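So that you can tell them apart, the chains are marked A, B, C and D in the order they are listed, and the count of residues begins at 1 in each.
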Amino acid sequence: MSNSLGKLLVVTSFGESHGRCVGTIIDGCPPGLQITADEIQREVDKRKTGIASTTREEDDRVEILSGVFNGYTTGAPICLLIWNKDIDSSDYERMRFIPRPGHADFTAFMKYGGFNDFRGGGRFSGRITATFVMAGAIAKKLLKLKGIEVLAHTVEIGGIKAELKGFDEIKENVEKNLLRCADLKASEEMTRLIKRVKGEGDSVGGIVEGIAINVPVGLGEPVFDTLEGELAKGLFAIPAVKGVEFGSGFSTAGMRGSENNDPFAISDNKIIMLTNNSGGVLGGISNGMLIVVRVVIKPTPSIAKSQQTVNVKNMQSTQLTVGGRHDTCIVPRAVLAVESIMAITLYDLALRSSGGRIFLEVD
Amino acid sequence: MSNSLGKLLVVTSFGESHGRCVGTIIDGCPPGLQITADEIQREVDKRKTGIASTTREEDDRVEILSGVFNGYTTGAPICLLIWNKDIDSSDYERMRFIPRPGHADFTAFMKYGGFNDFRGGGRFSGRITATFVMAGAIAKKLLKLKGIEVLAHTVEIGGIKAELKGFDEIKENVEKNLLRCADLKASEEMTRLIKRVKGEGDSVGGIVEGIAINVPVGLGEPVFDTLEGELAKGLFAIPAVKGVEFGSGFSTAGMRGSENNDPFAISDNKIIMLTNNSGGVLGGISNGMLIVVRVVIKPTPSIAKSQQTVNVKNMQSTQLTVGGRHDTCIVPRAVLAVESIMAITLYDLALRSSGGRIFLEVD
Amino acid sequence: MSNSLGKLLVVTSFGESHGRCVGTIIDGCPPGLQITADEIQREVDKRKTGIASTTREEDDRVEILSGVFNGYTTGAPICLLIWNKDIDSSDYERMRFIPRPGHADFTAFMKYGGFNDFRGGGRFSGRITATFVMAGAIAKKLLKLKGIEVLAHTVEIGGIKAELKGFDEIKENVEKNLLRCADLKASEEMTRLIKRVKGEGDSVGGIVEGIAINVPVGLGEPVFDTLEGELAKGLFAIPAVKGVEFGSGFSTAGMRGSENNDPFAISDNKIIMLTNNSGGVLGGISNGMLIVVRVVIKPTPSIAKSQQTVNVKNMQSTQLTVGGRHDTCIVPRAVLAVESIMAITLYDLALRSSGGRIFLEVD
Amino acid sequence: MSNSLGKLLVVTSFGESHGRCVGTIIDGCPPGLQITADEIQREVDKRKTGIASTTREEDDRVEILSGVFNGYTTGAPICLLIWNKDIDSSDYERMRFIPRPGHADFTAFMKYGGFNDFRGGGRFSGRITATFVMAGAIAKKLLKLKGIEVLAHTVEIGGIKAELKGFDEIKENVEKNLLRCADLKASEEMTRLIKRVKGEGDSVGGIVEGIAINVPVGLGEPVFDTLEGELAKGLFAIPAVKGVEFGSGFSTAGMRGSENNDPFAISDNKIIMLTNNSGGVLGGISNGMLIVVRVVIKPTPSIAKSQQTVNVKNMQSTQLTVGGRHDTCIVPRAVLAVESIMAITLYDLALRSSGGRIFLEVD
């Protein structure tokens, strides 16, 4: 396993869904950032959603174990932890050797020789994204000091697409509905769909869009540590993500160069682009426009319907009905994870960029 | 800049489009692999395409500068190099302060304070992918020793989609047409489109699919170094890639869980999946099925049409018509790059995986 | 800060001397290793020493927070933690702006802008080595499965040198005295010296030797990740270490090549060396002989004598007498840290080595 | 193998002693540094020494293959290369299966399965340090822009110790003698010794000291990436280095805390230390004083005397007399390598440090 992300801001995730805790270490955070457990708590609480999600009561309390002294970061590694409670693992023993389709059960069993903690998906549970959200809370605060804001929202669920909105409207509207969708009308429709699908014992997926504003020109370290590549790598750590695209993304396959190229122009004595098909990245480097990334979240693999699978121990085919409490749609939960991974990665690249440039500049 | 990819197999790329050379260092290649410059040459030659591409004669000769002795790799870093020839940089001086829309000119100028080698795009040129292809030739040979094969092909150009084919047919057909498309009928249509678009002074993009067969269960190091994340990071180093998806990718947004989950079954006493919506990856780990990844390539930004841009020196708006020789469609060239990045990443993950597991297993 | 060590076995340290806890994450441990908190506890308990050390009662209880399930490692990151108790920080507020000579107070204050947790030395306290010892306990167990054993012992304190002993005698004798010195007679002399020096309000340093047996030929990844280089890097993380040498070390400066070269010979159909001036490493790679490394530990900087220092706030010279409970000699505590760092590094290099070689070998 | 050093300034070494070339890639060098091949050449030429060294004529010409445009670094990876000439490999075929005592022949043969390029030591030759010196030339120039200067000199050869000198005298005197020793009288004595030892068919080792002035407080990233640890790791890449110590180093083992602690004082409204037993590093972080490091270089393993060794193929004991041209004392050649590794590491840590701190500071 490889559970660290970033080069100068290094985030390490640990813990299991039904183990003692989930936690994160943030190493490389500059000293002097004012931070409280309550602030981080508020971000974690946003993961709790109503309609779309499991009924498990996650009374998650964030604790700061290290790296903060008298209310300020010290420069030392920050350990943030949530103790697990309210855990019912009874259903998992039954499925120990019967991998759930669409889950990591099979690959984890094979890779870790059956020693992996399979309860609740263990390290592969969506709950692990709480560790991203805790670290992301710190990264978001660091970015805000530079005026950079990261925001994610649901733009599609089960085929229902949200209408495009401006940044401020998105920011306001995501707090108004449990699906964290900026198009409130679409959100209602999505909610109805989720309820119906839930009744069918099935699940739906969707698309989350992440946006970052005020990102200066220059983040990204080509040719291999591009802004897109680093963001994509981080985003694929969110369970159920199966695709990542920037700006016009896959739709550029059908566009002409003359349509897709974003013309440069001068505005307020600053160079801007008149369109943003690039999603804010050219040559793997931020270009000063909005960073726009979309990730697709596959439908929750845990469904109440009977599914064909196998027993890896006796190598027999079998049918499985996954019980327990599961989100019909995990898209809303992924929203916070996308925001967090974006913030962590952008801040890491900002540090690397200033590290790489500052020495000569100072002269 | 950050020009190294991989952790145990580390590939470092260097050189510029109009500089003295482009080259690569492959560090971590096991000793004892038989390899000749000719074999690597054959892979590099596949990058040369006719219809879709520039008329620049790339008589690229691969040289092995280190790491190979008596025809075998030694375990030492392998330096592979192509000297640049036939370079006409005259057109670029004119555009030094006038960034071409859709190119990295603007971001490179800003990030590197105007010191970047702007001729032919410098480090941001598609020519840099020749360094990926050289390293990929070695990675592909290493994988083949384990029966793993990587194959990429064009599946869409300018909105024209190729029909799905089986692995063997793809392998055979890509060599039969310059677009490296397995659907020969679609290829003809694409060719006509490219010619027409070229006549219009415009360009088109498309989609490349990469496939890997016989990948064993267990490659990928979650939660952050997932198979998808590592592949995506590498693939975004290919200029013009704006999205990466696995298996059913973005289309899973409209699917139900019951449709998308791949049922497990027993075949020949092996566990397989009856469908492959996952693209061969579950929980960030290979599941033994075909690895299937698709990348979208934006239309070539260099077009003959006049475009709106700015002069970064005098901060005035201006119009630009990009001359020189440019591919109307770079999709066919990207095919080899996709194949190469996949091979490099899969082999690196294979080393990491065996490293992580072998010690206890041996007992 | 950069608090992770290793490439495939990655150990991350966190926590502060007078904060809530000290802890470690071990990422990359193979699944299937049987391990209990008690076993790790036994290693941590060895750090408690009598004569040489502070009177602080460290009733440290190791807790396993993640990565172990049903008594076996799972392949997931292992979090080990010790809650801090019995903390008296009263003396440190007084010294907040008055750096203690020989300590990290001054550099930490400057580097972290005064935000560092200064109580008890914070991140720079010797107590942080408990996190190395916890991780080392796991690495030592992993190595033992391959027959590799790591052992450290005190070879010099305050100028008193121990006589050379064989591996088995060292192993037995270190447990017989609080100084973990294999020469029991020298140990008594050292003890008397420490008592006398303590009475004088002063402190002494010394030398710790680390040995590893049964290390196979081939560990170490030149030219930069040599066995010596990787070990040295890790060992300098132990507070107070000011030098590292292998085999004949600094004394080779006065030797002739003919004396220093270790002749090869055949023994039991195995290639051995007749002497071990190399300390088991040639060309940065283990040669199958005993790995022998020595680190020098400077005298404890905390002394009861009055010392000249400054007040960084008002920039005035001042005198300081360090109160509190401090080891007169920290050498015995460093013994376990040396052993632990050696084990972590050797296991990491073993994984890297097998990762690098196994793929071709299997064919 | 692992042939890259550094995190933000990444130096990759490649090439073999008797292969086509030796070279280096410097990735992460800021754009805008004026540099010529001639400047780098001058540093490489300092490696050529008379009395102490082999008679091989190294007419090494440094070529810049990438990363420099119009005389300035571009921010892209810089490839520097020296083509090998004047190579006589005839003597090595004879020794292919007969490892030379004290050399890497045996460990390289075993680790790389006999595929390693054994001619002239291949990757393990002292000639590889020319790649460090090329990269170091750039790092030294970058440091000089900030007023930081790195300087190494010979302080001991074959038991003959040089007297201590001040920085300026060292700087001047090293250029006055081939041994790069600041004590010119000792240098003469050393020269006589080397001549005598050469006549005996034997060799001698020694100690090189590296110094850095004007290093600001704050370089080094504890707990694991300490200034000492990172320097030591790099220095052990120099063939024949068997020990590294800082400040008073191994002699602190016999000191009392009251002697060893460097008292703080105010001078010119700056905090200084009145002594420098710490060698400029406290808690793994530079403290503003001179960085002082010493490395021990073992006697050249290649000697004309007959030595006992084995034939690894037929597993028989045998005698070996190493012919060819070899330095009787490689200490003077190591001087430049020490300087170079110090410069590379200090600059890398400077980038990491500014990267880590600058973001909050700017506000």
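Here, a residue touches a chain if its C-beta (ideal position, glycine included) is under 8 Å from a C-beta of that chain, and two chains touch if they have at least 3 such contacts.
Nothing here was measured: the structure is a model prediction, and the numbers come from that model.
Engineer: Using the contact definition given at the top, which chains are in touch with both chain A and chain D?
Structural biologist: Expected: B, C.
Engineer: Compared with chain C, which chain's mean CA position is the farthest off?
Structural biologist: Using the mean of the C-alpha atoms as each chain's centre, the farthest one from chain C is B.
Engineer: Indicate the whole-number Å distance between the mean C-alpha point of chain A and the mean C-alpha point of chain B.
Structural biologist: Their C-alpha centroids are separated by 26 Å.
Engineer: Can you compute the centre-to-centre distance for chain B and chain C, using the mean CA position of each chain? Integer Å is fine.
Structural biologist: 45
Engineer: Just the number, please: Cα centre separation of chain A and chain C in whole Å.
Structural biologist: Each chain's C-alpha centroid was found; their separation is 38 Å.
Engineer: Indicate the residues of chain D shared as contacts by at least two other chains.
Structural biologist: Residues 1-4, 13, 28, 31-32, 111, 123, 352, 356-357 of chain D each touch two or more of the other chains.
Engineer: Which chain C residues qualify as touching chain D in the complex?
Structural biologist: Residue list for chain C touching chain D: 1-5, 13, 99, 101-104, 106-108, 110-111, 123-124, 128, 156-159, 197, 202-207, 217-218, 220-226, 228-230, 232-237, 239, 241-250, 252-266, 269, 271, 273-274, 277-279, 282-287, 296-303, 305, 307-310, 312, 315-317, 352-353, 356-357.
Engineer: Can you tell me which positions in chain D touch chain A when the two form their complex?
Structural biologist: 7-8, 28, 30-33, 142, 145-146, 347, 350-352, 354-360, 362-363
Engineer: Over in the complex, which chain C residues touch chain A? Could you list them?
Structural biologist: Touching chain A from chain C are residues 1-4, 10, 12-16, 19-21, 23, 25, 27-28, 31-32, 65-67, 69, 72-79, 81, 111-113, 115-117, 122-123.
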